[in-house]
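In the two complexes that follow, chain A is the common piece, with chain B as its partner first and chain C second.
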Partner chain A sequence: MSARRPTASLDRGTAAVLVAIAILAPLIFNTYWIGTLLTQMLFLGIVAASLIFLSAYGGMVSLAQVALYGIAGFAIGNLTTNGNTKGLNLGWTPLAAIPVALAITIGLGLLFGALSSRSVGIYFLMITLTFSVIANLFFGQVTSLSGFGGISGIPAPGFIGNVDHHPDRLYYLALVLALLVYALLRYIARTPFGLTLQGIRDDPVRMSSLGYNVTLHRTLAFGFASFIAAIGGVLFAYWNGHIDPATIGLGATIDVLVVAVIGGLSRLEGAWLGALVFVLINNYAQRIGFVSDRFHTLIGVVFLVIVLLSPDGLMGLWGRLGDLRRRGERPGQAPTGGSERGSGELEPTV
Partner chain B sequence: MRAVVLAGMLSVVVAGCGGSKDKSTSDTTAAAAPAAADTTAAAAPAATGGQPIQKAVAPRTGTGTPIKVGVLSDCQGAFGTFDNQDLAGVVAAFSQFAGAKPKNPNKPRDGWTGGAIGNHPLKLVGVGCSNDQADTAIKETRRLMEQLNADVMIGPLSGDESIAVANYAKQHPDKTFVDGAAGAQDTTLKVQAPNFFRFNGDGAQWNAGLGDLAVNKLHWKTAAVISDDYSFGWTSTAGFIADFCAAGGQVTKRIFPPLNTTDYSSFAQQIPDNVDGYFVAVGGAGLIPFLKAYEQAKGPIDGKKFIGNLFWGTPGQFEQLGPRVAGAYVGGAGTAGDLDTPAAQDYANNIIGKWFKKIPPAGDPASQAASTFTYGYYVNTWGLVKGLEAVKGDISGGQKKLQEALAKVTLPAPYGEITLDQNRQAVLDVFYQQLYMKDGKLAVKTIASIPKVDQTFGGLFNASTPAPGRNFPKCEKKALPWQGKEQAVKVVG
Partner chain C sequence: MTENAVTPGAAPILRLRGVGRRFGGLDAVSDVDLDVGPGERRAILGPNGAGKTTLFNVISGDMPATAGTIEFLGEDVGQIPASGRSKRGMGRTYQKSRLFLGLSVEDNLYLAVLGNQTGHLRPFRRSRDGDIRERARELAGAVGLQGKCDALVGSMSHGEQRQLEVAMARAGDPKLMLLDEPASGLSRGERVALTDLLLELDPSITLILIEHDMDVALRVANRVTMMHDGRKIVEGTPDEIRANDLVHELYLGGRVAGAEEDGA
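The block that comes next holds the complex of A and B.
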């Protein structure tokens, strides 16, 4: 599938302001916003970022990211719970469970990647969707690991404490991890691995003839993206305290795709912007009188409007507004950013 | 938890049977079996449901600190179509017992106006829209309790949702939760949140008495069970196994087709021939394919060899089930719309039927009164009102006084008295019913009630035993508190 290439990022001033607002958020917003909406936005953004990474740099639109995020969550649930819930109830300490959960997810991510990396376009999409469905049914049917009821009472590590009583702790953890994920993804894009991946995205035949192992690169990229998705899954497990197969159902899979598309499939920042829009609409639409229980329709309409107005999502819209502004300041000069770069251009950073 | 939907449908049908003025007792129809419902229940006086009629209180308003109420319903998913039934139960109870009034008698979801406990007005802050999935239920609970700052919440509807909400309740001891219509056993037996109260039964309780019926009236010595392979199927089946084995029966085979199976032929082949009968808890869209697969594998169905859980009475499936299952017995859901008692009929016609002109999408409100959803939300809301009345609407002090009062509430409910056990779980009368032919069509009639069914089945289920599953409970003969105490009931229609 030909994905749009990564394009220019937010300017540094805007980014600094947004980060400052995020850091000061607990002083600005109420507990519900911090504990529920913004924390959810952060971990949902991390999962969407893993999808955008694969799409923007590898040309792979994966529908398996939610399954991988769920696998990490189920691993945390099975390893750390100890008592009256489904699953293995192994009772490990939460911190000890994290590396194991990440390792399991990366291992499965590499397996998924190896199986799907020879496919492209719609076939890649279908194979990853199959992974997603298998994961959903697996946890539904294998009652020793979950069953339809799922795992409840997942404890968070001691330094986070009770998420309901100290929502700011998990929020800050999610914020730090989101920033680290963003920085890591940008860094990876500049490394020889990232540049090779972009080369494979643009012309896999040429890269292969140059001696690069295309399949291996795509598999490793998938494994790396599964690591990013797993971070989101661990945060989700702590945030929700509960995970069940519906968490990784088809609806959730589509939700993350919608988040990525709303934000913009070609820009990493779009992951968190899309997540914010999605979470807010999901939360507040029911309070609009005429919308009420038809809020899914509203989400669909917003999705359609954004995609029609800006195929690059909200970040694409932002880029075009920037172009217009610059054009206004420097009449006659061609725009330098935005989403309409030449098709042959290789952009190493986002 | 599709079972709950189907229970509701079953109850609606039963209620529909109650429309006729031609009253009879189940005893009197025995001679025409299997074309008509027979009775195997003891000919005891019809005591169940003999509760007082509940008169509506005068309209009330208050000027004190409002009591903020959130309601968690399912407006999406398998149970979304029953959204207005859920709200009808809530709004009717607040209207009948707390002086409120439906905002729109044609649409319960619009909530209520007025209503107060003491001088504290009852304010609806929001109706959560869940979809039978625990994940969504938690998100909606958070929205109601943390964003809209509800003090108390009524809901959720289905089993897995309720386990998650009870766990949430445990983390928020200064708020109070009453169930909606959810029937998972773990919600109260395992989670044991001190601030979560359930005035409806669980899936196992609803099948109490069916095993005793099979052993002592149908003379089954052995049985096989076939059940959907998920939590509600297990819970529902656990009720039958516990009851059947307690009465001396032996379950020789347990078959669990995955949920949403479409081809049951391989499972039908596994059904043993050398048993006296079958308990079937295959639900929803799976039931018809299962019966067809059984017929292909084993030949015609003998209704008397089958006992179904509440799935068997589903409208829309009746037509296809047809005469072949006439005579089969069916577990109820703690409701019996055809019960011929003043309280049961008054509840349908003068409470639900009075406060609403219409409950969408089905319409006629009285015939939906005995729906598991309407009734579940009704009794849970009524329980909450009684708790609030006991503390005069004072929810200060982390709601501790309210929670203590709620634990002591007794409801003179339409289908029998409801009390709470030490886990704040209902102890209630349940009913079993029978499929029979009426005017050439399959119908359902309530046969008997089982009084005072508690969640533990005389100690078989407790907090330290495994949750109902593929291998639990084991088959053990033991005394159950309600053995031999079933009562024949008088029904209308």
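The block that comes next holds the complex of A and C.
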């Protein structure tokens, strides 16, 4: 296993500036940026954070996070809509649907986790990819829950109101949830649960001989990550007002993996940084005539360049720039800072 | 040299009868009987491939035995997994360090201490964690790593990682410690330091030690078991082992006229 340690390389000052910009964003950016780009960045970042959490702290690169996010979205859609041709049309109030959608997603996440937690590396990746494909086909074919056309007209709770008229409200909700998710994941990492997970990442055999239940722990970590992904899924349902199986297709699954890798698979902040880069390219590349049809080629090239330049993504690049700056400030110091970033940083923990 | 601390006639803490481990067509360990008394310092010697580490894996429960019985503190532990044996008082180190390279020294020892306690799944911190961390720092200090508590284990030297291995095995307050080549890959100075560390261990802890370095093994041990091709071939005090012709033939590379051929 690799010698990576998920660290925050954002210093307090930078973090404070970023949070201040995020809070003031509706004053700085236009409605399109707030309602479309930044809100999308925030919930996509939450889903990517659930993937990065499993990868950085648990050594599990999961391709099921988008499926779980979709399950939460479909649950919200089925519970709250009324009058659609497809779906259950239960017509619940939006607030009552949230805990149920989260519970359904966590339950399925625990089931997926129990099925996959004995596998590691490429086998874990393949099993979670299978979950993702199953979820996609399931919602396409089971028309009583969705069908390929999906579910439209998903209402947001009253305090958010109409997302088109009040984009700020959903933006701020997404911002608060993103900050809470980030803080929660950072906190969990230092609790017995989180430290045990990191021990399992580094050496499951040793953990087992120390008296830990490795399979149970992996299963619960997967269930916890599905809770995080579900938060992103609920936000997506409100943001888009519509969900269909293409939302959780193979393309979307790969997109979130790309977001996580661009940002940096070993650092939580990377989730939102990767999401921002992805959303911006996704949005603006479509407008360039030559590129618009070749969006995935472009994102592929960007992905390749970032991975080749910095295997731990943009956050890794940021960390190295910080090292260089510090070294520049102390020219007399021998450049020994490199030793801490162990050899394992060069390879993603797959 | 350590005096023999074994009380004659005391019930053995570890008792193996006819223990074997088969991998496909290969008998890595076969028909091993072993009695280790409380407080004993036992060294297991033997050339590469003699089955020493496999024997450790079978005793610690990292892999099941395919034959024989293993009794620890009078209880048959053959069907008990590694974690259960650890809870009953077995601690072990690994030939190739099995540490959590992405965590600090203190976090490594924290996990080692927490392992035998409850609360592995607790998603919040409590004051009890402070006590565990205190104990972790104590353990680090006991192996000379007091200044290194915050160091990332993956960035430490090999010698420091071996010291940490010993501390990890001690964390569960074991009655029996299995040390698999604790001095492997160490420089001469580091070997001496590690030997001193082993000699300073609480005499009530029973030690079983696999060691290639005869100086380390014979200085620490008061009884030696020699293995070859998965079998126990000689057992005795360090002096008896030093004087044994077969040991010279097999282990020290000497040629002894009339010694039997390698069991092919």
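Rule of thumb we're sticking to: the second predicted complex is superposed on the first by the 322 of 350 C-alpha atoms of A that agree within 3 Å, B and C clash if a C-alpha of one lies under 4 Å from a C-alpha of the other, contacts with A are read in each partner's own complex, and residues count from 1 in each chain.
Basically, a contact is a pair of C-beta atoms (placed from the backbone, for glycine too) under 8 Å apart; a residue touches a chain by one contact, two chains touch by 3 or more.
Just so you know, these numbers come straight off a predicted model, no measurement behind them.
Touch criterion met: A:Gln286 reaches chain B, while chain C stays clear of it. Using the contact criterion defined above for the overlaid structures, shared-chain residue A:Ser208 touches chain C, although it does not reach chain B. Judged by the touch definition given at the top, the superposed model places A:Tyr32 against chain B, while chain C stays out of reach. In the superposition on chain A, contact of A:Ser117 is made with neither chain B nor chain C.
When the two structures are aligned on the shared chain, A:Asn78 is found in touch with neither chain B nor chain C. By the touch criterion defined above, A:Ser310 reaches neither chain B nor chain C. Shared contact residues on chain A (touching chain B in one structure, chain C in the other): none found. For chain A in complex with chain C, the touching residues are 1-6, 188, 190-196, 198-199, 201-203, 205-213, 216-217, 220, 224, 339-340, 342, 344.
Chain C meets chain A in the complex at residues 60-62, 81-83, 86-87, 92, 94, 98-103, 107-108, 110-112, 114-116, 119-125, 129, 152-155, 168, 172. If you check the complex, the residues on chain A that touch chain B are 31-32, 35-36, 84, 86, 140-141, 143, 147-150, 152-153, 162, 164, 240-244, 246-247, 249, 283, 286-287, 292-293, 295-296. Residue ranges on chain B touching chain A, taken from their complex, read 75-76, 83, 109, 126, 129, 133-136, 138, 142-143, 146-147, 159-160, 163-164, 167-168, 171-172, 184, 186, 190-191, 229-231, 258-259, 463, 467, 469-470.
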